[in-house]
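One chain, subunit A, links the two complexes that follow: it is found with subunit B in the first and with subunit C in the second.
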Partner chain A sequence: MDKISELENQSIYLIREANYHFRNLAMLWSIGKDSTTLLWLCRKAFFGKIPFPVLHIDTSYKFKEIYAFRDEYAAKWGLELLVARNEEALRAGMSHESKLECCNALKTNALKQAIAKYGFDGLLLGIRRDEHGVRAKERYFSPRDEQFKWNYEDQPPELWDQYKSRADEDTHIRIHPLLHWTEKDIWQYVKRENMPFVDLYRAQDGKRYRSIGCECCCAPIDSTAWTVDEIIEELEMTSAGEREGRAQDKEDANTMQKLRALGYM
Partner chain B sequence: MQNPPKLVVLSIDGVPHGLLMDLMEAGQMPAMAGLCERHGQPRMMRSVLPTISNVAWTCYATGRNPGKHGIYGFIDRRPGTYEMTFPNATNLRGENIWQVLSENGKKVFGMNVPGTYPPRVVNGILIGGFLSPSVAKAAYPSQVSAYLAGIDYHIDSDAQLARRSKQEMLGNLDITLAKRTEAMFHFIQAESWDFFHVHIMGTDRINHFLLGKYLDGDRQFAPAFVDYYRKIDAAVARLLDRIGPETPLIILSDHGFCPINYEVQLSKYLADTGWTKPLDDAGGPLSFDPAGTKAYTLIPGRIYVNLKGREAAGCVQQQEYESVRKQVSEDLRKLRDPEGREVVKAVVKREDLYWPKGAYGPSDEPGPAGKLPPYTLGPDLVAVPHDGYDLKLGLTATQLFVNTQLEGMHTYHDALLLARNVPLDESYLEIRQLAGPMLDCLGVSRPEEMDLANTPAPDGVLPAQTESC
Partner chain C sequence: MTEREHLKFVVVGSVDHGKSTLIGRFLYDTGSLPEAQLAVLRQVSAGTDEQVEFAFVLDHLEEERANHITIDTAQTFFSSDRRDYVIIDAPGHKEFLKNMITGASQASAALLLLDVHEGLQDQTRRHAYMLSLLGVRQLIVVLNKMDLVDFSEEVFTDKAAQMHELLGKVTLDHLAVIPAAALGGDNIVNRSGKMPWYDGPTVIEALDLLKPDVTDESLPLRLPVQDVYEIDGRNLAVGRIAAGKVSKGDTVVVCPKGVEGKVASIETFDGPLDSALAGESVGVMVDGEVELSRGLTLTDPRAALGTTEKLMASVFWMSPDPLKRGERIALRLATQEVPCVVESIANRMDSGSLEIIDEDADQLADTEVAEVTLVSDDGVNSESFSHVPEMGRLVLMRGSDIVGGGIVP
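Right, the complex of A and B next:
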């Protein structure tokens, strides 16, 4: 079996396990390439009909292309689409001027509200280990408490594909079926499956997005890649980080750590 | 073998003039002493205000006043916000000396000089220093990174290690220095360089963490401190051997050092005196309520008036500006340590630091808040402390005066300067002026935008004994 098929098998196994274990499961869909791949895999796992809702955390600041894609495919694929928005914060005028506060209100708190409203005990997410340093420490089944605190030093071991899928009351478990995929794997899979994706990933006027989210906090990279093949080729050439165009970047954190040690913070 | 460079600069960060004199006198730095014997005693040189490495080296590299190059410290606020940002060479206005020389057809090399990351495109090699995120990203051209990675080059010693264990820090400093010198001797013979500048950061680090122990004659750490300087001297000896007796050479530091009595939580002081209103869950120096904050500080001793129209949510009216500055200055001058000693010896206005006369044309006046960036991004006041009072932030600190693992702090008046076959003016030079004689030495005319004239130090900044020299 080739590598992509193995990745797919493992992910479908995790999705089915999750569906068996949780009473009230949902999948988070940001409409980006990773969670759309996860959605594709969920459809495959259940032969086209996903037996749980698909949740979109809507900050209202997403690209218009994202909303169009969401509505088109939610209808086409017969999804049970739930949209969660922190209406209160939006009414209060929350915007990206203060990035951390804004992310916290419109993403984290919107998700908390949705979990409280629908009582989800398990959430499928499309994160990957190679995205960001701290994600390398993630597990496939990752417990969070009521406050969403994740204690990465106290996680259940996952050996020989034995997953701990039970958790205490008041916690929900995040399931990461794509954890072992890389950015390039995703694009190779997109190509093999001829999967649809948001056009923002394609180069326009010499720029394209490698990672999409809120319009105000994403920056495109220099690129001429239009086809999936060109995107894959570009990934083979580059050493820059995928989320480099995103605000709140790692370099600042690293700088801060160094300055703190020298007493400059 | 290639010809030696036409001009060599070796910079040793934060080595005070007096410390070098003491170590030479004690016979601990024979190579440096030999050099001084033939080419004259090292001189004292002035740094920059506020006295901090990336500002000092940016002034050195551009020959410009911070009011023109736009780098005022390691931390700044993102223009138009109260978010923290970390300025680097991307934010630097103007060209550095490597670029100026490149445009004049000179072959240039620079390694580890603070403030040069991300490296600009030059005719040669430029390798970033402190705060370069990784070896892979530090160098122009990027192929150089492969060599550096291959020898396990260290951009900087690990200061977090120093916080944990001074013993471990020493080992880490040694490795960093060994890799630096290895790279230096690799590159110096790779090309016939016109300009070759290598920077050593470890001296600043060891002074920060061990200067007190050295001065106290600590049984374990004072000899280790001296050992490190002996290793620096050994590197100088090898370099002198490599470049021969006549190659123009400058050895310099960017500021001096003195032992710390107290670290001063200046943000807390401004909060205590009612100028800054911290948020309940304040996380950093900028976590204040802009509506209740008339002035705030960024390290070290930079004071910003929360001026309406300039700051993101300014609450101080233009007509209030001068009176706010006056009152804040008075409050700063009133600050006393737990033993009742004065902490701040001078408070300097921005226009006396960042507005070199004539630099913006004869009719240009700075006005209350200034008009042009990057001048407008600079602090409105700079508090200059007495030796021993290291001005920090600490908006939510519980105590105003603290002591940590840090033992040394920067000083303005006693940077080190030693030159061989590079004619220098006799005056009490500022580090910003060196670009002039360096360009002269290589036969390149001085760009007009450089601020190379000597400006007197603001009143009350220099210690009494140096006022006359």
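Right, the complex of A and C next:
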């Protein structure tokens, strides 16, 4: 079996495990390439009909292309789409002057509110180990307490496709079916599957986005890549990190860890 | 485009024998570190300009950097000319053994590090033993910190002999022993000029000689049912094939019920298949008098799975709260989950000294290993780990927590 098929089969296994073990599961969809790949895999795992809701944490600061893509494919793929916004923080005027505070309010706290409202005990997320050193430490099934804290000093063991697949009281489990994929794997899969993605990843006027989120906190890279083949070719040449355009990753060396300890994705 | 080979290996060994430094050196010397990451590394390396802290490449948690230890396992990627690698970093401290096991259980090869200056430690023995229990059969021993012993051939020969003696009891398909100094990069990616007496492979050359995992198609079919979905009014049993091959029209035996059925179709979202191999996640429709549910296994009728009420396994314990004789505990094997009672705990062993503590024990403590007999009313489908690994490895659960692992001999 080739590598991409192996990754796909493993991810489908994990998604089905999550669906079997959790009564109230949801998938987080940021509309970026990774969570769209996860969504694609969920459609495959359940033969086209995803049996749980798809949750978009909307900071209100996303690119307009992201909203358009979300609405188009939510309709096309018959998704049960839920949109969660921290309206209170937005009314109070929260904006991105402090990355840590803004990400925490508009992403993490919006997610907390959604979990409290819908009672989710399992959440599927499209994070990958190669994105960031702290994410490299993650488990496939990763518990969070009611404060959302990630106890990275005492993570449960995981071996032979056996996971901590049941949440204790007042906790939820995050499931990461793409943890073992790399950025290049994602694009090779996008190519193989002829998967749709937001056009922001394609170069316009000599710039493209390699990682997308809020418009205010993403910087494009110099690029001429338009096709998926060109994007893959560019990745093979670059020595720059994937999330270098993401402001919240680099305020100081440990911002990502602090954000994640507070419950950030 | 020809498909590139890929291989996952874990880096193990005792505390401070240089695992994180070796991995950092690997990534640096193969040009795998992004420029921005190097900049951050220089920033956190406390101002020492010419000496980047290689250990910080994977030790990403603030606590790890402040205390110069690895707490949890991490994975990273790099490529040689030959193939793509996934490096799994594993912590060396005894209290983080469950993290080491998490890392090692996903690897098909291992680098075992030994500080030649400090010599063999309990954790060296423990990690070597755990690798053998977990079924990692390809091993590269790196005798590290040769710079601290003036690159002496005599010291190398002496320590290499000790490692051979330790590993003599362990089943291995491949073994290399390499003198190296990760800090200065000697014999890691680049050949060292300081050990002219050594003409064997560098670490990266030795890695390229390892064999990637291959799917053994000759094994009998084992398809553990993961779930059953209703698609267009018909029941579809989904699961990932653990071993062998299934084809449309095949007769299968459903274990433990022993009922036969016929594979009417093999389904994926992309369309039906004529056959599918180990590793593939599929859905199958089976005609016959059998109701499928999670925990059942579809098997080759010529080699059906045995069902036993009494199962003996080599168990390693991963919880501060010991396993006790007479305890009720849940066993998970593939997709089965079965309540069991611990009947006996034999040959309780200290995994650090590899000495037997008690031949007939009342309990099994954290990091210890024993032959545990488990009894269940419903029976467990299993077979020898050496025959079909996927059906010969299990975990023990208390509530929602995995507290032990085991191998069916």
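Quick notes on this structure:
Here is the rule we go by: the second predicted complex is superposed on the first by the 249 of 265 C-alpha atoms of A that agree within 3 Å, B and C clash if a C-alpha of one lies under 4 Å from a C-alpha of the other, contacts with A are read in each partner's own complex, and residues count from 1 in each chain.
Heads up, the rule we're going with is that a residue touches a chain if its C-beta (ideal position, glycine included) is under 8 Å from a C-beta of that chain, and two chains touch if they have at least 3 such contacts.
What you are looking at is a predicted structure, and each value in this text was computed from that prediction instead of being measured.
Contact with subunit C, but none with subunit B, is seen for A:2 once the two complexes are overlaid on the shared chain. By the touch criterion defined above, A:13 reaches subunit C but does not reach subunit B. In the superposition on chain A, A:99 makes contact with subunit B only, not with subunit C.
Contact with subunit B, but none with subunit C, is seen for A:264 once the two complexes are overlaid on the shared chain. Greater residue coverage of subunit A by touch, when subunit B is weighed against subunit C, goes to C.
Once the two complexes are laid over each other on the shared chain, residue contacts for A:64 go to neither subunit B nor subunit C. When the two structures are aligned on the shared chain, A:76 is found in touch with neither subunit B nor subunit C.
Annotation: subunit A residues 239, 254, 257 touch subunit B in one complex and subunit C in the other. Subunit A meets subunit C in the complex at residues 1-3, 5-6, 8-9, 12-13, 16-17, 19-20, 43-48, 129-130, 132-134, 136-137, 139, 152-153, 155-168, 180, 182, 239-241, 244, 250, 253-254, 257.
Residues of subunit B touching subunit A in their complex: 74-75, 81, 83-86, 130-131, 133, 136, 156, 158-160, 162-163, 208, 263, 284, 299, 390, 392-393, 404, 406. If you check the complex, the residues on subunit C that touch subunit A are 3-4, 6, 31, 33-37, 40, 43-44, 57-58, 60-63, 71-77, 84, 86, 98-99, 101-102, 105-106, 134, 215, 226-227, 229, 231, 236, 238, 240, 267-270, 277, 279-281, 283, 294, 318, 332, 334, 390, 393, 395, 399-402, 405.
Within the complex formed with subunit B, the subunit A residues making contact are 97-99, 239, 251-252, 254-259, 261-265.
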